[in-house]
Amino acid sequence: MAVDMRLPTVSKTVSLSVSAFDRKDLVVPGDVITSDTGFMRGHGTYVDEEKLTASVAGEVQRVDKLICVRPLKTRQVMSPKPFNGEVGDVVVGRITEVQQKRWKVETNSRLDSVLLLSSVNLPGGELRRRSAEDELTMREYLQEGDLISAEVQSVFSDGALSLHTRSLKYGKLGQGVLVQLSPSLIKRQKTHFHNLPCGASIILGNNGFVWLYPTPEQQDEEAGGFYTSLEPISLSDREVISRLRNCLLALATHKVLLYDTSVLYCYESSLQHQVKDILKPEVMEEIVLLTQHKLLEQEG
Amino acid sequence: MGWLSSLLENMSPMKLCVPGDKLCSVEDCIPGTGVYLRHGYIYSSLAGYVLRKNEGEELPVISVVRETEAQLLPDVGAIVTCKVTSINPRFAKVHILYVGSTPLKDRFRGTIRKEDVRATEKDKVETYKSFRPGDIVLAKVISLGDVQSNYLLTTAENELGVVVAHSEAGAQMVPISWCEMQCPLTHAKEFRKVARVQPEYLDA
Amino acid sequence: MASHHPATVGQTHVANQNIMAAGFKTAEPLEYHRSFLKENCRPDGRELFEFRTTTLNIGSISTADGSALVKMGNTTVICGIKAELTNPTVEAPGKGYIVPNVDLPPLCSSRFRPGPPGEQAQAASQFIADVIESSEVIKTEDLCIDRGKLCWVLYCDIMCLDYDGNLLDACVIALLAALKNAQLPEVTVNKETSSPEVNFEKRHSLRLHKHPVAASFCVFDDSILIVDPTAEEESLSTARLTVVTDEEDRLCSVHKPGGTSLSGEKLQECINRAAARQREIQKLTDKVVHSVKAAQ
Amino acid sequence: MPTDTKRVRGPEVSQSPSLVTSKPAAALPSSGPRADGRQRDQVDVRPVFVRCGLVSQAKGSAYIEAGNTKLMSCVYGPRETERKDETDMKCGRLTTDMRFAPFSCPERGSWIQGSQDRDFSLMLYESLQPAVCLHKYPRSQIEVSVMVLENGGSVLAHAVTCASLALADAGIEMYDLVLGCSVRQDGASYVVDPTYAEESGGSCGGSSEDAGGVTVAFLPSLNQISGLQSDGEMAGETLTAGVRTCIEGCYKLYPVIQQALLKAVRKAAPPPSES
Amino acid sequence: MATVQVSEAEKVYILHGIRDDLRVDGRGCEDYRHMEIETDVVSNTDGSAKVSLGHTAVLVGIKAEIGKPRPMVPNEGYLEFFVDCSANATPEFEGRGGEELGTELSNTLYKVFNNKQSLDLRALCISAGEHCWVLYVDVLLLQCDGNLYDAISIAIKAALFNTKIPRVHISSDEEGGKEIELSDDPYDCMRLQVESVPCIVTLCKVGHRHVVDATLQEKACSVASLIISVTHKGTVTCTRKVGGGSLDPESIFEMIEAGKRVGKALHAPLMKLLQQEESLGKKRQKVGFLG
């Protein structure tokens, strides 16, 4: 048995990058972004006495003549649902309800997302017509609690996301570990699916849900993506996954952007510690610093 | 336990059991109703009579039965008798009164959607021309529905539909076709999705 | 039309029979009852003016100062009396309290939900309180121990354990029997310390001045009168009436909560039947009370 | 204090006559035979009187009497869940409600359900739930209510037994019956199935290390404990021994309970014809 | 209780991990998560403590008030527990959900302290039959991430350690009436002997093994848990099975044994930490809620 009791310490984010306070592109509601009338008003802004003013706290973004403020979604994990999905985003989500012809999916968004029965590949071929029977047996494919990876297909007018899994890489997730983080920590990349060289795979959902799982031996022939193996995972794979999980949490605690390289460097930096010790504040600090050094070196 | 079962066998030719009684190994019988499996044995899940039936299989089916199948819930595929409570253009709401021939002690609600009223020309169905509140309808359970909705029922078979209906004059109407019924008093015709009339029933 | 399904034919037939025979009872309950009433009888085999078998059991709860369990057919009601000491009010320094409450817990029928008392329970409590007051079964003056200082409060808690109609009749029987069964310890006030002293060895019964009994009726289709309704009969009837009389045939209470109207003639008939019922029940109660006393 | 407008109210304060004579309750002796003649340190449960199927309105019901403890239980359902958010598509829902009649204890209780009643209801729920095949009743709820008519000690244990009988009587599918038994530890000695006086008197007198109560809910045929709770202070070994004693007590009760249930089955219907 | 959904495959993964004594976060079966304890965090209480265990965070405040002893025990003071499950902790506590859990938790706390050992209640008596100290123990759940019971019990013990009750002086006036005077000196106060205050250990049965300090995900895989409160000497003051499943008698006995062992071991480091914090006195930098 082990118990680690201690007095709390004031937590501070270790960061080698520019301090957030020095950044000019950060605004709070009411801040005047520009009084130049030549710009177009985008999300997160309003015009007050001809001045373009921020209506949310966040980062100013300029695309050509359009100015938007991208909200800083700093709240960790779960509460106030902060993910604003866009078409093409990769998400990891959990089925919360099976309804007629659709599943409700929790994706860390303001509103539950929707996966239509017509947006999934059912077993027996992609082009199979969906029958009334499929509608009544939807729960056999995906039921409450199941995790899926999916892509945002469209955004409804109320902001709810419509997902699809019409690709072999998407579908029901098997054994592994879900880590729920802030979406703002996920770096946008070409691919959000990575087989890490340390021996496990990762799906970095744009919605902040990160899925860690053992790298499959061979990309097995799809059973429509609804079959999951329940064979025990080896102890060594588990250790890697648990280590990665704790590394993700350490990086997130110190607000380090998550992508394959940062996760991998953090993993390497943590190797001198036992998995369960990684979450101790001083260890977190140490390995995150190490990681950031490595990242800076790599950037040159 | 041994003494008890022997005692009971002396008192009645039928064996009685309570929940949790080990009845036999799965190698001896096929589990029927009122039983469950655990570690290769069949146990009783009801207090009742143990019944072994040979149904043409190699092994007999073992079940535990009570006086009535009191706990029957509407299940997918079951034929139910229900009473229409309300109608709107999209569906009819009903109370399920019977599952098969067993009356339900508590009311369960069901929904017959417009598209499930009949098998053909589904898009031409008008719920008002199919059912009226108070009608007694035979239907089949197609799904337990979801959290938002009730049991989903269908009448899209010849034998399913309205069996008892009262006319505006208050008399019980007589079916005259698969879609019409007539009041014996006023001879007024009303539209219904009528269940196919059983000859046996007419003779009675 | 869709093709013929042999599998469903048999089932359909069964279901048709449901409707025509036993199903009648569930699907068209009012018609079902009417068909019996036409023949001057009721679905449970009783005649229109026949009460269900009434049994009484008293003193079975040792934690109560008095208790009684009444069964009228299926309807079961238990009454427990707890006597406690308190101060009389300034307005009535020479009087004690009687606090009757009727509870209809979810246990007794699926029609009652957990939580605070519903309308029916509130109405029943008020009815019992009215009967106690108007019949003067107990004079609250008898509950006074020391004028202005100390008196008894009798908590009469009545609980339904099986609700199959005619709650009020059963409640009144249970209340009276429990009151007759109640034994209160002797309480004296010490002159020096002016604090009460209780002598549990010496107990005495309550003085009951009257013996009210209730009889309930239901009206079907504005004209047919039946007595001692079951829960189903209550729900299908068009009006209900409860008449309470005492041993001198005096009317203590007439309770008719809405419904269709009733002729004076019919009302008189109800009162006559209630008076007859009073004799029956008083006899039963006294018999049981005596047999319990004899056994002690 | 909110006033209760839905009941006939009495005086604001009143006192039970037994509290007026402030005679401290005599500590019960912790040796020698018990007040009701039963043996100490032995699995000596009170004989129980059990009946099933008394309540006409309920789907199943049971009444149990052990010494002065009298309680009854009714089961309603399975019926549709009332609230949509409580509907479970895969599994039924069990609700329990345990209440004490106001006249059931030496001190008059309130009509309003106190936190103790809710605690009992919760423990009843946790003891019964493992035994009920809830997956057979999707999107429905099964309601169990228990009414204590007289509290003569070991109420929770008997409530568990009574409620499981009512469930079986209702024909709700169950993996096993659930039986309850309590033990009161008082120093080196213990009493099984304690009476009200033994329950409330023990904690005053004992000054030793071991003083407390254990209640176990047990599935006799599957040999599983579905409910366990203890309070007071006990060494680990005493607690373990107490649990074992309770299990033994449950086995003593088992034949009586089985008989009562079988009697109800036989009474309800003659054996079906074997066809 | 706050619940999370877990898919079947995730369950299998967690289950196998526990079988191999390697939990998802790298812990062994009997390891606690990192725990932070701070006392004296709310200034208008007589004693307070904040405990965080993983993401679970609870705050306990203790108020001492003068009341009347209970008639059955005239020479003792008493404790009152109230657990507030505010909707802040998890949205599930909105409405009745939080109320039910709050009652469950406070009822259990009464049982945990329903014995002679936990706290010397006689020390709380001011004058027998007339006045005593009543300690109102208010528990506030700030965040729920599993294992509430353990965190609450540790926070209560820490808050009781931190509690300072003003000394009272009883003087009689001429007519024989008694007057109670509270000491004005903030340092003239009474401390409680908290040595024997029990700690709760929740053992969660997952598969064929049990774990301590289960996360919400692990709890979702568990059929039943055993709550067991243990004093520093290893005396058990309360046990309770919670959750929907049943347990084998043998595994209950194993869990009692394990609970006793783990619970006993919690006390020493806790007391050491509390004394260390106390000895730092004003030098210690307070972290409070914004840390």
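The first chain written gets the first letter, and so on, giving A, B, C, D and E; residue counts start at 1 in each chain.
We adopt the following convention: contacts are C-beta pairs under 8 Å (C-beta built on N, C-alpha and C of every residue); 3 or more make two chains touch, one makes a residue touch a chain.
Going by UniProt, the chains are A = Exosome complex component RRP4; B = Exosome complex component CSL4; C = Exosome complex component RRP43; D = Exosome complex component MTR3; E = Exosome component 7.
Fair warning: this is a prediction, and the values are worked out from it, not measured in the lab.
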Chain separated most widely from chain A, comparing mean CA positions: C
Identity of the chain that, by mean CA position, is farthest from chain E: B
Centre distance in Å when chain B and chain E are each reduced to the mean of their C-alpha atoms: 53
Between chain C and chain E, centroid-to-centroid distance (C-alpha), Å: 49
Inter-chain centre distance, chain A versus chain E - centres from mean C-alpha coordinates, in Å: 36
Residue numbers of chain C (touch at least two other chains): 110
Touching two or more other chains - residues of chain D: 76, 79, 89, 131, 219, 222
Chain D-facing residues of chain C, complex: 60-64, 67, 74, 76, 78, 80-87, 89, 97, 99-101, 103, 105-110, 114, 116-117, 121-122, 125-126, 129, 153, 155, 157, 159, 161-164, 185, 187, 195-198, 200, 231
Interface residues, chain B side, partner chain A - complex: 76, 142-143, 146-149
Footprint of chain D on chain B - complex, ascending: 4, 8, 12-14, 16, 18-22, 34, 36, 38, 43, 45-49, 51-53, 65-68, 70-71, 73, 105-109, 144-148, 150
In the complex with chain B, residue positions of chain D that touch it: 59, 76-80, 84-85, 87, 89, 131, 133, 136-140, 168-177, 219-222, 255, 258-259, 261-262, 264-266, 268-269, 271-272, 274-275
Of all residues in chain E, those that touch chain A in their complex: 5-10, 12-13, 16-17, 20, 22-28, 30-38, 50, 52, 55, 91, 212, 261-262, 265-266, 269-270, 273, 276-277, 284-285, 287, 291
